[in-house]
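Both of the next two complexes hold chain A, though its partner changes from chain B to chain C.
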Partner chain A sequence: MFKIALDKIDELFAALSGNETLYLPIEKSGEIEFYPYEKDAKVRLDALHTVKSAKDLFFPQTENLMNMKLDGKNIQIEEGRHVEDPFVLFGVRACDARSFDVLDKVFLADPVDSYYAARREHGVIVSMACSRPEETCFCNVFGIDATMPEGDVVVWLDTDHLYWEAKTEKGEALTKTVESVLTDSDSKAVEAQIAATKEIMDKLPLKDLDLTRFTEDEMMNIFNDSRWAEMSEHCLGCGTCTFVCPTCQCYDIRDYDTGHGVVRYRCWDSCMYRDFTRMAHGNPRKSQLERFRQRFMHKLVYFPENNDGMFSCVGCGRCLSKCPIHTNIAKVIKTMGVKEHE
Partner chain B sequence: MSNTEETLIPKIGVVTEVRVDTPDVKTFRVTAPEGGKVFEHMPGQCAMLSIPGVGEAMFSITSSPTNKEFMEFSIKKCGCLTTWLHQMDVGQQITVRGPYGKCFPVETELKGKNLVFIAGGIGLAPLRSVINYCRHYRENYGTIDIVYGSRSMDDLVDYQEIQEEWCKEAGINVHLTIDREQKEWDGHVGFVPTYVKELGFDLDKIILICGPPIMIKFTLQGLEELGFQKSQVYTTMELRMKCGVGKCGRCNIGNKYVCKDGPVFRFDELGELPDEY
Partner chain C sequence: MREINEMLKKKVSELLENGTADRIIGWQAGEFCYDVTPAVMRKDNLDELFYNGFCGANQSKYLIQESLEEGKVLALLKPCDTYSFNQLVKEHRVNREKVYALGIPCSGMLDVDKIKALGITGILSIEDNGEEIKVATMYGDKTCKRTEVLQERCKVCKGKEHKAYDELLIPDEDAPEVPNGEDRFELVNKLEAMTSQERFDFWRGELSKCIRCNACRNVCPACSCRTCVFDNDNSGVAAKSNADDFEENMFHIIRAFHVAGRCTDCGECSRVCPQHIPLHLLNRKFIKDIDEFYGEFQAGEDDTAKGPLTAYTEGDCEPSIVMEKGGEA
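And now, the complex of A and B:
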């Protein structure tokens, strides 16, 4: 294990961003997101969460797929993808780190999404253990340890040091490039930090959410539960939950006429939107009830059914703090986790 | 293993013939620019067609894979993209990608069986591929009955092929019906579900059905009243799709994606899923 004093942390960021782009939580206009590091950037390692998750780096909000040229009745297709440059993603919390496993299940399943796969290959993940989990956090419910995140390198923070430990080959390679600014360390401070964080986690209000009902056998019972009507009644269908969610992966493919041709791009989409399933002859999810139900059925029942029990939620709590009408997956788990009329 | 880079990036197809089937259905013959088919498929599989700048949507491939020269798509004019497609002339290029989804089990569960095809309106499009495949490998299948209905005589798709080929072939019984009386029509008049019950098929048959949801619903009820099991009835579904490979997240019925787990489903499989289609 290595360490670096926090008052010298810019040396670490300078070393990490020497050869490749370094993304880390940076505050701009009052919002904290993963932005490329630059000198004098307002790095916010203390922030528990960025507004959006880090999925943007592997599955961008919009990306061009191809360019098409029209000439009379003829069409020409040119691939619009650019070769991916290597990058370092620094400061990913345990919940977001797990979300990449969830996204892998979708994008790396046959047929592999090579756009996503290329970014996964070129990205090195430096995850950061939590020291101040908030009351919206419930990653433990999904078997995630906030003090011991997954990642190529894991870092821990205490009041005056950052501790660094490589976990994979990619992580070892990255460590070599920054070794000169790090010094050796034992793990005592980290152990103390972990113990302190666990004490906070034991007091979190959502730590005991019960997922045992969300099984294949209960699919139809949960689907037909009359309580969806009440829960979805106030949903605005704004889609905020899907955009801040680290595991939401639905996308749209659209064309944009540039005046010199057509760019076909893909972009995030939301199952909360009416247009999502609307066809010329009708819409199978007619009201917000169906759309609301779909989102949570997918995360809690359909996805685990197709992926060996892995839930498509990592308990980051972003939807809890961002939903304008304060409805969220924790409420759904609490309600649907218990049989109706019980 | 293919990857999405290839599956999302289409190939070019050229429209080589446009046939006007009904007032709102046209059948487009499509080949690769150098001639021949854009790709191979099996009956029941689909393709994504697009006009750059207009949109992309999933269509069933109505021609049989046994046709080696071209693919055909029967398309009803009902939305933005289909309206554009209906304006195409011969020589127009479109983009094509696929094939997507699972086919009707023509080489397994349907082999050696007596088959009944039930279609309503444009619902004949996906079944036509199977019908012509079974006609090509006639010795592999038992009797073939085709029940086909539409609003009027003018709305029957592929009418010429039905009259000149299917009706004249030994071992194939074609039962046509239209919703309302028409002067020039001397065939059956009435809705498909009622007609199927009147015809009363033997219970050893396998049913393949496609048409408007309401027709499928009542026909299935009628079939069950006749004594058919849900496991004897196949259908093909259509929901909005973007990727075609089970990743864009919109065509699911429960935990099944219509684009990759379907579009062909057996009714006993559908019965275990939420009724959201």
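And now, the complex of A and C:
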């Protein structure tokens, strides 16, 4: 294990961003997102969450697939792909780190999504352990350890130091590039912090959410449960929950008329939008109830059924704090986790 | 607040019992003390109804759908909600006859994000004592001043008078004093005083955060089109995301133009924005301009008057006024 004093942390960021782009939580116009590091950036490692999750780096909200340019009677087609740049993603929390496993199941399954795969290959993940979870956190429910996140390198922060430990080959290679600014350290401080954080985790109000009902056997009972009606009744049909979610992975492919050509791009879609999965025959989910239900059935029943029991929620709590009317997955788990009329 | 809560429960139960309305749009408690959800309730689940400092959501827009349904719905309107309600009635989007409006008092609504921004996290419970907010957290007990954590719109409160109601829970003159009003055009003035480059940088900084979740549009009582132009594939501008930074800007600017003269400044757009973009400032700029060009006008003040942008008078300013605005070249 290595360490660096926090007052010298800019040396670490300078070293990490020397050869490749370094993304980390940076505050701009009052909000924190993963932005490229630059000198004098307002780095906010103290923040529990960025507004959007880190999935943007592998599966961007919009990405150009191809450009079509009109040249007289000819159409020139250029590939818009821009996925080969190596980068370091620093400061990913345990919940977001697990979300990459969820996304891998979708995008790395046959047929492999070559855009996503290339970014996964070229990205190194430095995850950051939590020490101050919030009331909206429930990653433990999905078997995630907030004190020991997945990632190529894991870092822990206390008041004076950042502790660094490589976990994979990629992580070892990255460590070599920054070794000059790190010093050796024992793991005492980290162990003490892990123990203290675990005590806090034990007090989280949502730590006991019960997922046992969300199985294939109960699928149709949950699907037909009449309580979806009242739960979805006041859903605004906005896309906030889906766009701040680290695991939502639905997308649309659209053409943008530039006036002198067409840009074909892929963008995040939201099952909360009423044209979600609309096709030539119309829309299979006409009501907000059906679309609302789809989101939670997907995360809690369909996805685990197709992916060896892995839920596609990581308990980050973003939808809990961002939904304009506070309808969220924790409420759904509590309601649907208990059979109707019980 | 507890007193008002009890009075409200009693009154609502009476109105449902005597058949004045058959259901109510109220508020339901959530997982925490602040995550209140709007909910339709009937006699059998009325015990879930409650009202506290986190019931800020303007429920007027729900009345568009509710007033299409069978029976009469009981709406709980805070003074500022009545402006949106009037506007929706004026635009024939809410059927007034299907709504029984109960005016409820408000002493200013709280913004949990502002509490969190003070570093108060891990919130377990919140006690609202009028002047001081006591917050029990996983990291110990904290306090903050109520005025520090009020919603933005409450800092420029329109007053305690209800502009529309069938009945008031308590007479307006007996209602609690509203928070001291700050100048609602203060920030607009500041933006106007900037150079065009500074102003551009400010808005690029804010609007580049937009994730195009459409929460601002979907919550906005003035955005009541059945199908928004941005959802209509045949419009040529339909989009689910911002394909480029031009679109980031234009979505919000077009929306602000569309609601100009009808926006009551209810502040819901800024309340729901996951990125805290101060969208209300776009609307306030229009409101300020309308005030200056056509004389002071407050949308939703009543449910009949034509707004300055939909009425013609001889004294109206010339369209060429735009040539004189917009700062230096």
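Here is the rule we go by: the second predicted complex is superposed on the first by the 327 of 342 C-alpha atoms of A that agree within 3 Å, B and C clash if a C-alpha of one lies under 4 Å from a C-alpha of the other, contacts with A are read in each partner's own complex, and residues count from 1 in each chain.
Here is the rule we go by: contacts are C-beta pairs under 8 Å (C-beta built on N, C-alpha and C of every residue); 3 or more make two chains touch, one makes a residue touch a chain.
Owing to the predicted nature of the structure, the values given are computational and were not obtained by experimental measurement.
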With the two complexes overlaid on their shared chain, look at chain A and say whether chain B and chain C clash or fit.
fit
Should A:Pro36 be classified as contacting the first partner (chain B), the second (chain C), both, or neither?
neither
For A:Ser114, is the partner it touches chain B (first), chain C (second), both, or none of the two (neither)?
first
After the superposition on A, what does A:Tyr302 contact: first (chain B), second (chain C), both or neither?
first
Between chain B (first) and chain C (second), which does A:Cys271 come into contact with in this model arrangement: first, second, both, or neither?
first
With the two structures laid over each other on chain A, which partner does A:Asp257 touch: chain B (first), chain C (second), both, or neither?
both
Using C-alpha centres only, what angle sits at chain A with arms pointing to chain B and chain C? Round to the nearest 10 degrees.
90
Is A:Asn74 contacted by the first partner chain B, the second partner chain C, both or neither?
first
Could you say whether A:Val106 touches chain B, chain C, both of them, or neither, answering first, second, both or neither?
first
Report the closest approach of chain B and chain C over their C-alpha atoms in the superposed model, as a whole number of Å.
7
Chain A residues where the chain B and chain C footprints coincide 252, 257, 269
For the complex, which residues does chain B have touching chain A?
1-10, 12, 50, 52-56, 78-80, 82, 89, 91-95, 238-240, 242-243, 245-252, 254-255, 272, 274, 276-277
Which of the residues in chain A come into contact with chain C in the complex?
28-31, 33, 48, 51-52, 61-62, 132-136, 200, 203-206, 230, 233-234, 236-240, 242-244, 252, 254, 256-257, 263, 265, 267-270, 273-275, 320-322, 324-328, 330-331, 334
In their shared complex, at which residues does chain C touch chain A?
30-32, 35-40, 57, 62, 113, 121-124, 138-139, 205-206, 208-209, 211-215, 217-219, 231, 233, 236, 239-243, 271-272, 274-276
Can you list the residues on chain A that touch chain B in the complex?
65-66, 68, 70, 73-75, 77, 79, 81, 106-107, 109-115, 117, 219-220, 223-224, 249-253, 255, 257, 262, 264, 266, 269, 271, 276-281, 284-285, 290, 294, 297-298, 301-303, 305-306
